[in-house]
Amino acid sequence: MENISIQHFLIVSTLMLFTGIYGFLTRKNLITMLMSAELILNSVNINFVAVNKFLYPENLQGQFFAMFVIGIAAVEVAVAIAIIISLYRKVRMIDVEKVNEMKY
Amino acid sequence: MEQIVFYILASMIVVFSVLTVTTRKILRGAVYLLTVLLATAGLFFLLNFNFLAAVQLTVYAGGIVVLIIFSIMLTSHVNEKLESTGNKKKFFSFIAVLAGALICISTILDYSFKEKSGIEIDTSMNKIGKDLLSYGDGGFVLPFEVISILLLAAMIGAIVLAKRETQN
Amino acid sequence: MEGYTFTVLIPLILFATFLLIGLAGGKLKPVFSGIAGVISLSVVSLISYITAYDYFFVNGKVDGVFGKIIVYDAEWLRFTDTLFIKMGILLDPISVMMLVVISTVSLMVHIYSLGYMHNEGGFSRYYSFLSLFTFAMMGLVISTNIFQTYIFWELVGVSSYLLIGFYYNRPSAVAAAKKAFIVTRFADLGFLIGILLLSSLTGTFDFVELTNVNGSAVSAGSSVLFMGLSSMTWALILVFIGCAGKSAMFPLHIWLPDAMEGPTPVSALIHAATMVVAGVYLVARLFPLYALSAPAALEMIAYIGAFTSMFAAIIACTQTDIKRVLAFSTISQIGIMMVGLGVSGYSGESGLGFTASMFHLFTHAMFKALLFLGAGAVIHAVHTNEISGMGGLRKYLPVTHITFLVACLAISGIPPFSGFFSKDEILVAVKEKDSFLFYFESVVSGLSAFYMFRLYFGIFWNRNTTYEHAPHEAGISMKIPLIILAILAAVTGFIPFSEFVTSDGIPFVSHIHWDIAIPATIVGLSGIIAAFIFYKKESNLSDKAAASLGGFYNTVHKKFYIDEIYIFVTKKIIFNMVSTPIAWFDRNVVDGTMNGVASVTNFVSEKIKRFQSGQLQQYAFVMVTGMIIILALIFYFLKN
Amino acid sequence: MGFSIYDFSDFINNIHAFLIETFSPAIGNIIGMAIVAVCFLGFIALLGLSLVYIERKVCALFQQRLGPMRVGKWGTAQTVADIIKLIFKEPLMTKDSDKFLFNLAPFIVMIAPVMAISLIPFASGLQAVDFDIGIFFIVAVSSIGVTGILLAGWSSNNKYSLIGAMRSGAQIVSYELSVILSLLTIVVLSGSLQLSVIVESQREGWWIFRGHIPAIIAFIIFIVASTAESNRGPFDMAEAESEITAGFHTEYSGIKFAYFFLAEYVNMFIIAAVGATIFFGGWMPLHIGNIEFFNNAMDLIPPVIWFFMKVSAIIFLLMWFKWTFPRLRIDQMLTLEWKYLLPLNIMNILLMSLVVLTDFHF
């Protein structure tokens, strides 16, 4: 571990985060947007773990937060997919720009 | 040795992240996402967070990606391509994201982190189990219980949402 | 104490039975659930008897004292180092006695229900609730600390709610269940506050520490005064409010008569022998505290008990629904037990009241369960609850007749039936303490003889009513419990109770005080004779008597209008005087302000809603851009 | 103790030390890894060959036939012949299928068992990796396999394949829960997730005997759930020939088909190995109480032999199931999992915790 510092991890996670944001902004399909959100969450996990490992190794707070983030991600995906599927059943389409029946 | 592994994993993460958000075949996107998640688990293994890595594998690779693939199977067809986004939107998003990434990376490189090198981090199952169920300093029993309730609520919610309405 | 670990099985078996019947019940044949219930109860009874034998005759007595044995005490919840809750099993004379009472009565009810509930729907549901109730009751009596008691206390409340509302398609049953639940919950609020107060005063939940005579708990908190009473007294009075709710003491008794909407065996189990004596049990459990550090509370208990017993006995004389008569009789008898506890002192011979009260609890459980089961047999035969629809049944139901008679004699205190002995002991104890209460209670016992025999003559003698279908004796599964209970009701009086159950665990020998027993018996006999004159033959004597009493009779018949008073207080006073103005204020002032704000917001939003395109990604884009700009500002321009 | 001569840890350490001395530490490590990898690949190939042969023989046994008899003595070379045939077959591809995913799927399916097998302790010291999260890691990696199946079904562009993949996915995801929970029951008892520690903790007696009632319930659930998780009969709706031809691998042929086939058998081996390790003491010999001469005699049998004896017994049990029970319907299967096995399992864990708390085990 001598040659890898915390910066390495943070840069990887930053790149992942902004890739995720780019995906979230440009993809039209709801499922792909969900996938981008997963990327965002995952980059946060890397940050938590790296900070825990390098800066605060006395305790495991970072790991537990990462675990809770994973839990939340699972919850989010389950509910989001339930919504997407029932949406698809109603309007046969999951395009984020065209699903605007409830507008105004 | 570890350095090599790290660079392999890091480049995998970056490359496949980009592929995930740019591919026009949706299921391939999911597979690229799976690769990113596996590589992240690899990073965790590298940092000696074995338990977290296994959680990542089980929940993300075994649960979330499978769910996503399921929903893709239900909502689209194999030789269907996603519509591409307008070039204007792509351009502006790219500029914004690039700016953000540059700012963050330059800040990270500027800042001097105070790494603690003396202490070896203890990620044994024993410690994880005890911390997760203790209420004292470094204990996480309350969020642990709260998240279990959240999971239950989400499960019920998902069932109610996705349940087919009865005919009549 | 290694020897008693098997007692863990008592709650576990019952809980397992509940789960088995409750979860798998729908799939099983109804008869199977019934038999499963009976078998598990038999095993539990056997274990209880073994425990009782072992405790009272083999291991329990150490140096001539029946001590408290903690069989098992596991930590269940730990909040902080000083505040933690345990779960465990405590054996001492009263808990062992209650084990025997509950398992016996519950077993009889289980067997009886096989016949009684045979044609009802929800047979499995019924048995699972019975198991749950018995489980909760057992957990209550063996608990090692007051918080565990509270948990099971509520569990008992829930299961009795389920059982009272068993016929959930009958509105009256649903209402009765709700009433019982709400009234007892109201009382339990007092109980909970009492527990909190008590534990903050003494710093412990544990019964052994609480009732240790030489310990710190007994002397704690006796000095702080509030409204003339020490804080310990207040805590114990609050606990007693909970007991009063469960044991139907005045003025919280109103749920019990209505609870007769449940199936009759349930009434026998819950409203005669087990749940309603939980209050008495709890007072007895905390008795050293009451006796030593809050004699004022104890005195209050005595007077409330005495008043309730008289009050309920008078009402019982006028009711025409046989189950309601029994219900009021139960209230009255529990009042007598409370009096026994209330007049008792601590330790030695002065603790006679305690012993007598427990003795009466024991005998009462037997004969009152018998009365209810007998009434159930009668109802089963003639399909009505009203006394006016019965008469001359002795020819049709010989077994029920004899057993019912035994129970009536027992409750009237006629020697040599069991009620005589326990009531005699209570009267002796009362006499020593307070002669006014003694005469008062003597009248109550005369009244109880009167109303019981009114019931007996009304059902089995009186006119020869003609029935559409000739009533016939119930099946063997209903007869056996009647016979067993009749035998118990007849002979349990000869148990030398004071050699087993005393307030401080030291046995003593008690004698029958003939100077009190003989007048008491005469009072009882005169009650019977009065009933004989009024109701043996069909006559209008009773109507004449009622007419001559006029308004008083009506008042009593309407149960002193207590229910109406409650409704008046809640509906008229609280709803009209307090709630209506608040509602007006809320609707006009509070809501008006809110509506004003809302309409302004509405107006503004109508103007600006076009900004919202509904495009998620547009929002996200704006958000991200804004965030990046702010970050850039912070990092590059505001960094000094 | 008898089995110190059977302890492989010194042997392995010596090889490791030799490699590091001869080469530099980094290269020594890499060569060591390569050797282990070659060993496992060889072992997996061998496993595939022999298990297919055994399965056909066992099937024949239950159907009162002889099974393969022509190629080689008693048909022993039959599977080799089959492999040669599969290698030379033309790899077909359906029109409009996603070729990249179609080719990727068999590899993903193979990754899971190959990663899982590295955790199995074959004997004392004979274990490639010994994580402190052992069992959890096996469970984690075997959950990757389902992705491969879903991809295979999707990319085939075939309705039967898609339905087969959906069924199989639902089935694996659901039964995974029961497998984890039943393994957790024993973890509660042994107090560790590390496989070598679990094996070591069974020196006094196997958990299935020492944990009595809850352990036996857990074992039964484990066998049922893991049979379902590996898509074997009677839970093979995913490839129910009579309904959806061959399910997710309908469109596969040649060597890619062989991969799916191989993965199924390696999975079966892993199930048996995990079952043997967790419930039957892994490579620990059978000891009965204090009967010294019997225990000593049992110690003489090498641990590797013990391990493979237990594994073969469980594999035989699994094959017995497949060729005896009729196939379930998909709804029956999901009902079995969610309405019966899962609640039973949760209660069983509670029971086991109670047993452990009260020290009620042997």
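Just so it is clear, A, B, C and D label the chains in written order, and each chain counts residues from 1 on its own.
Keep this in mind: contacts are C-beta pairs under 8 Å (C-beta built on N, C-alpha and C of every residue); 3 or more make two chains touch, one makes a residue touch a chain.
As the structure is a prediction and not an experimental result, all values here were calculated from the model.
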Most contacted chain pair (by C-beta pair count): A-B
Central chain (by mean CA position): C
Chain A and chain D, separation of their C-alpha mean positions in angstrom: 33
Length of the line joining the C-alpha centres of chain B and chain D, rounded to whole Å: 28
For chain C paired with chain D, centre-to-centre distance based on mean C-alpha positions, whole Å: 58
Of all residues in chain C, the ones touching two or more other chains: 617, 621, 624
Contacts with two or more other chains, residues of chain A listed in rising order: 21, 25-26
Interface residues, chain A side, partner chain C - complex: 21, 24-26, 96-97, 100, 103-104
Chain D-touching residues of chain B, taken from the complex the two chains share: 1, 25, 27-28, 31, 34, 38, 50-51, 54-55, 57-58, 61-63, 65-66, 69-70, 72-73, 78-79, 124-125
Chain B contact footprint on chain C (complex, rising order): 617, 621, 624-625, 627-628, 631-632, 635
Chain B residues touching chain A - in the complex, by the definition given at the top: 2-3, 6, 10, 13-14, 17-18, 20-22, 26, 29-30, 33, 36-37, 40, 43-44, 47-49, 51-52, 55-56, 59-60, 63-64, 67-68, 70-72, 74-76, 82-83, 85, 89-90, 93-94, 96-98, 100-101, 104-105, 108-109, 113-116, 119-123, 127-128, 131-132, 138, 140, 143, 147, 150-151, 154-155, 157-159, 161-162, 164
List of chain D residues in touch with chain B within their complex: 26, 29, 96-98, 100-101, 104, 131-133, 136-137, 139-141, 143-144, 146-147, 150-151, 153-155, 157, 162, 165-166, 169, 173, 176, 192-194
